[in-house]
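What follows is a set of structures for review.
In what comes next, chain A is part of two complexes: it sits with chain B in the first one and with chain C in the second one.
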Partner chain A sequence: MKNILKTLTTIVGLSLGSSLFAMDALEVVKKVNEREDGLSVVRDLKMELIDKRGKQRVRETISYRKYYGVDKKSVIYYKTPKRLSGTGFLTFDNEIKDDEQWLYLPSLRKVRRVSSANRGDWFLGTDFSYEDIKKETKISTSDFDFRILEETQEKGISYFVLESTPKNKALVKELGYSKIVSWIDKDIFIARKAIFHDERGGLLKTLLNNDIKKVDDIWTIHHLQMKNHQNKHVSNFYFSNVDYKKEVKDSSFTKASLKRRR
Partner chain B sequence: MKREFFTWVTKNPKKIMLVGLLLILFFAYGATKIIKDTSADAFISKDHPALINKNKLVELFGLEDPLVVVIENTQGVFNPKTLDLVYKLSEEIQTYKEVKNDGVTSLSTQKNIYGVEDGMEVENFILNKNTTLSQAKQIEGHIDSFPLMQGTLVSLDKKATLIIADMININDAEILYFKLLELADKSKTNDIKLYVAGEGAVSGYMGSYIDKDAKVLNLLAGLIIMVVLYIAFRKLGAVLLANLVILGSTITALGFMGMNGVAFFIITNALPVVLIGISVADTIHILSTFFERRRDFPEEKHKPAIVETLLEMWRPIGLTTLTTMAGFLGLSLSSTMPPMIYFGLFAMVGVAMAWLFSVTVLPAMMTLLKLKQSSRFITKEKQNQVLGKLGHLVATYPKAVLSFVVLIAIFGLSGFVKVIVNENRITVFNENEPIVLADKVINGRFKGSHYLDILIDSSSPEGLFELDVMNKIEALQSYAKTLPYVQGSVAYTDYLKQMNKSLNEADEKQYVLPPSPEAASQYFLLYSARAAADDFEDILDYDFQKANVRIYINTGEYIHDKEIVTKIQSYLDKHISSENLKAQISGRANIDYHWVKPIETSHFQSVGISLLLVFLMAYASFRSLGTATLVTVPVVLSILMIYGIMGYNGIWLGIGTSMFAAIAIGLGVDFAVHTAQRFESLMEQTSNIKEQVILLYSSTGRALFFNAMALTLGFGVLASSKVVPLVEFGILVSVAIVSSFLFSLLIIPAVMVLKKEKKS
Partner chain C sequence: MKTLLIFLSFVAFLFASESSQTLKLRQETSVNHESDDSKLQKSILNANYELNIDYDDESRVVLETTLEVDAKDKINPNKYNSSSYSSFSKPLSLGTSGYLELRELYFEKYIDDTLFKMGKMQNVWGKADGLKLIDKLNPQDYSQFILPSFEESRIPLWSISSVTNFENSELEIIWIPDTTYANIPNSGSEYAFTTSRIIPSAPQGSSTVMEDVDKPNHAVKDSDIGIKYLMMLDNMEVGFYYLYFYEDNSVLYNTYDSGTNTVSLKPKYERSHFYGMSLDYAKGDFVYRVEAGVTKDKYYLNNLSIRGIQKSNEFAYIFGVDWYGLSETLLSFQFNQAYILSDKEGYNIPKVDNTMTFLFKRDFMNDTVFAEVLLIHNLNDKDGIIRPKLSYELDAESLIYIGFDKFYGDKDGLYGEFNKQSRFTFGYEKTF
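Here is the complex of A and B:
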């Protein structure tokens, strides 16, 4: 009897739970997705990749990104290390058709197509998946169901703790995640922290979005850290010289421009 | 003084017994603290460069010895059924907690690199759980154009493929081996066979395989020795007494080990049976003398008879104890392998304790039990008949006897030159064991189950991409391929060649190194566009400074390892030893080479040291160079005899067999010591040499016969073992004991007779 009562209380509590919060989960996600991130942007990106033994690979790049409606084009040029200098990576993120990617290899003077990635594939040997990179801080409403676990406060910042669960098993496999828990800053609607669980439910990786400040009136993350708990690999992305106003020409996103850049 | 001591012992038997039992209990407690270490790495000292290099390999590239599941289909593996099974098993094995994350390498996890129109594709060979027939054919095509996978992931004849599981902790090898064995058994069908193999499996299974076998055999050997003892004396009391001495000796040795934190190694399994044999010998000699005394002096009272027996026997038994200890000391001093060093040391402890128990607890028990006369010793004449006749023959034809001995020596020497130092861990197992069959499949169809790893250090980040470095590594790989039993190798350069080909319209002619360091660097970036950060962690370090070149060898034999390791080492010394590019040999083949290599010198050193010590002991005891030589000769001959048998039967001098000599010397010399000692005391009884020989045969000869019987049968039991080196060890020691027994009773009397004849 005691157990039944306990169960009942839990069920009632849970169903009441979401409505108890000031905003429901979908509204929070909507706010996150509506957040302004500029039509185009030019920025320096330093990728610092650290393996479990502490050895590093540091790549300095400059990147361009521009929205075309719901589609997005971006290009990254490597500046260092010297041997990668001039290497360019061009990406078309398409909403309807498959994404397209090309890599320009200066050593061969050839542009090589990179076969279309699965959303859960690793991005350029980092701890981010292609989907993580593509969405930046946005969250797909067609992939996940949401619920707010709690509202909390830490070091003076108030958070919605949002749980995102893929809608079905196929999506779990495709994305490589069974669950994401994000701490969303109530004021700016950016996740400052997110914890990713692998397909089997195990702890996979933790994302920290640090050094968030306004550039051209847009809240901009300047340091992303993704830590893989399973292979102990860490990826630090440092953004600098972020410029949302600089004109980014459409011609920057062609295969020919990849070669020219060199 | 001695008389007073033994009289005191017979007067205070209960006190002595109590102290003896307390000692046994104390050391039994110590024995409970023993930890087991059945790993192969235990045979090499922890600070040996080969082990340090291997650990470096584990630390840098995570390369522990893996376990391997072989999936064999005689119809070929490129069909949906087999490939679906590979996918399913790979997924299942990845769920095992003993397996590393992403620790499974198979067609369903390994990345394929191939050229497509204007690009390069990097994806798994098997893409999903249901492979269609056309996909299966496509995968076959991919393997055909990816040389690196041929003979490593898929067999050269395409009839088998591997699932390789990397463990988190090598100590889990045994658990994982049995899990995989069960999985393999569950998954087999009419046309698909599965095997579990790999160096990890060998290490994992060897410990339990030998332990299980040795436990039964030690018990059986003990029982057989008891039966011989019963036959010799027809008295249960005698068996009980022997057991007490055995307990005292073995428990003390094991207790000492436990209390000193020395592990129980694979070869420690042979320690109990050796100690049982030695302890029993002391008991046989004391009891034989005692029963003879009771027969010859029926009027003598019980306690004085015990005192007189001990007064007569403490010295020969003490001497044999010292000579046996000398044998083990030789083994311990000459060996560099921790298990052997400890084997020698703790066998010495056991032997010493056997003596101590024999001269204290044994007489105390004899007093307490009021041991009655053995029915076997009632009439003197009966016993004399057979053995006495033999003694008569030897005394009559000493020259013939010695000629026969010379023939044996010739046989031994001729076989000795044929003996080779060799070892192969897989031959520890019975040839019908699944692990042996699996090993055969890998060594027959694949590039081999045995690896030699070469750690390359280019001394600066991205140094591995320098053209001359890549060229040198490619040249090293080509050189290695020319060595016997080397079937191929894997290095990052192979992946670069595959990428170069893929980026050049899959042109086979482009299966060459990238044209520049920049290209190499950019190829890896392109590869990483689709791959996990740690994809190459087993062959490259993260900043492209260090790499591992893995050489595949399809045999695990020491003599081949030796050739490969030494030749590659001299190649490296010549070609890859500059300030900017260094190489170090590592891996299982290197460890195996280094742990067997010392036998080449240590074995003969141990024989030399043991013989020298035995000779010195004998000289110190008999105060005669002639007698000391005479005591040593039978043992030398019995060792020669063993070499002869080994040489003619192709038995290798390996880890197990190399121990036979020290043990055979230690045990075998006892026969000569007792014979020589008896001769000395018989000289006081009669001056007729023939009579001396006949008396020797009927008294000491009898005791020695039962001593030899107990030991031979005890060690002989090991011949029924499933562990091949144990079988060889058992046979060799048995033969050595019989030889020592016979040579002692043939040579010493024959020489004595000839000496006497010459004098007269």
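Here is the complex of A and C:
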């Protein structure tokens, strides 16, 4: 009886709590996901990787992305370091069927099919996971349950503080996160900060999205910083030459194109 | 006048373009593990220069050259005197210990959905690790057997290709007029073949005479042609291949003269047809791969046949499974079978030849440390090679590595014959 009462109190409390906020959690997530990010985009990405001793490595890439209805194709190529130049990673993000991924290593001259199930793996040695990169600040409604923890204001910016929890244990393992807490800017519906917790609930990493400005009338993040609290590694992503208007040909997303020298 | 116009067009191309260049220097030393001879197997300095000239997003010229000198020169002295190269593809020998090679020089251009390429280049089909079944377009330099990467040992050829992309498929057509074939190490060099799988056995006490090679040399009549069609069926990638080609390894016709107790070997290149297919399917943490094909009119050493050679068809397949279930890790297993489709007996290789491979790869410390182990094991001869390797990225453009290539098993096996060539290799690579 005591337990039933406790459960009821919690449910009522949560319901009342939700209604206290201007928007409910799913509405916020919907707004984040509906945010305009262009039919296609070409951009340079400089990846600055800093280890716990302060040793810095820089990778420069160019990436192309294009929507095909609800599906999305993207490809990223290394420009530097020259040792890795030409390495390409092609991804088809499919709404209905499984995602498809191919990796081209110039040293092998082979386009290798890779599993897309490794969503929680680190993306090319950075502190971002493949899933972080794929979602590009969007939030998966099929992977997470949501609730708004609070509405807050900091340095003149109002935020929804959103907690995202994987729907089940399998997803926790697959994504590598037990919880993500995001600070969503109420005006532009972009997370300016997110804290990721590992599978056991421990603090894993913190994302800061900085230098957010409009390009071709689309709000665009130009600097992402991901700090891994466990291995003290930091990844800074700097986007430049962002162009939403440049034509991105379908042939950019073919295996023949992936194999071209860069 | 025509030449002048071509020259002016080329100059205009250069001026209207952007270029990027890369110089990679590599010092690599290999030390024999078990040899009775001198321990040092090779100590090379390799300089690879690459120039890409982009006229626009769709047109590009690529140039790649390699200069290599070996302080030891034990691997394959005078290898570029090899008759297996066509006259316009042969690297330039620098004494007996070095060479300068034009690795690639080609022009490529997209016209609508078709990518055209013309020039000297590598063309790669198939995806198998450490084994070649569909990857038949370019011959291989066997001067260090299969130890260098395929990228390094694959011999680029003058060719013309086109790849046309359709909505869910692509069609590749390739024409190879270059009559260059596999470089087989000279007798007496470090990795010279001795296995009876490749070298015909001679009666005891007889001497062997190698006759001049009967090699195709007509660019049109003797050219190779290949067609590949790749399509996506739901989550499965399906490929179909056809190749009309000369086998890259010559056939050694042999004649025994009992009067002089001499065996004469006559190397000759023979034509074949290859019909192949491939499948790639990804599900969960697994990627399943199949490559299979029939080679029509393949020539084998056969003790019971006239001149020691028997023609047969061959069916071969590779089944591979890649597992990505562990973070930053790839575990891959492949099983390869090759069947001689003939009732005749007396072949120098098993009529069903079975090979398996195992590959482990793992990246550590945010992709700065790379560990890899490749095992290739022939189940018939119970021989093989195991190749652990560890690399460390010193900085973005520098890498050091250490590896061990351990041959084992039957001394008459394809791998076991090199038991004494097992080696430690360490190297340093710097890119500018």
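Brief remarks on what is shown
Just so we're on the same page, the second predicted complex is superposed on the first by the 241 of 262 C-alpha atoms of A that agree within 3 Å, B and C clash if a C-alpha of one lies under 4 Å from a C-alpha of the other, contacts with A are read in each partner's own complex, and residues count from 1 in each chain.
Please note the rule applied: a residue touches a chain if its C-beta (ideal position, glycine included) is under 8 Å from a C-beta of that chain, and two chains touch if they have at least 3 such contacts.
Quick caveat, the model's predicted, so the values are computed rather than measured.
On the superposed chain A, the positions of chain B and chain C overlap enough to count as a clash. In the superposition on chain A, A:230 makes contact with chain B only, not with chain C. Applying the stated contact rule after C-alpha superposition, one finds that A:63 touches neither chain B nor chain C.
With both structures placed on the common chain, the touch criterion links A:103 to chain B but leaves chain C unconnected.
Contacts of A:260 after superposition: chain C is touched, whereas chain B is not reached. Touch criterion met: A:251 reaches chain C, while chain B stays clear of it.
Look at A:80: by the touch rule set out above, it reaches chain C but stays clear of chain B. When the shared chain is aligned, chain B and chain C each come close enough to touch A:124.
Applying the stated contact rule after C-alpha superposition, one finds that A:112 touches each of chain B and chain C. Shared-chain residue A:51: touches chain B and chain C both. Clashing C-alpha atoms between chain C and chain B appear in just one of the listed stretches 217-225, 397-405 or 415-423, and that stretch is 397-405.
Comparing the two complexes, residues 49, 51, 57, 81, 83, 101, 106-108, 110-115, 117, 121-122, 124-127, 231, 233 of chain A contact chain B in one case and chain C in the other. Chain B contributes residues 59-60, 95, 101-102, 116-123, 462, 465, 503, 514-523, 525-526, 528-535, 537, 541-543 to its touches with chain A in the complex.
Looking at the complex, you find that chain C touches chain A at residues 22, 24, 50, 52, 60, 62, 108, 110, 113, 115, 122, 124, 126-127, 149-151, 154, 163, 165, 170, 172, 230, 232, 234-235, 237, 280, 282-287, 289, 322, 324-325, 327-328, 363, 365-368, 393, 395-397, 399, 429, 431-432.
The touching residues of chain A, counted against chain C in their complex, run 49, 51, 57-59, 80-83, 85, 97-98, 100-101, 106-118, 120-122, 124-127, 231, 233, 250-251, 254-257, 260-262.
Residue ranges on chain A touching chain B, taken from their complex, read 49, 51-53, 55-57, 78, 81, 83-84, 87, 89, 101, 103, 105-108, 110-115, 117, 121-122, 124-127, 200, 228, 230-231, 233, 235.
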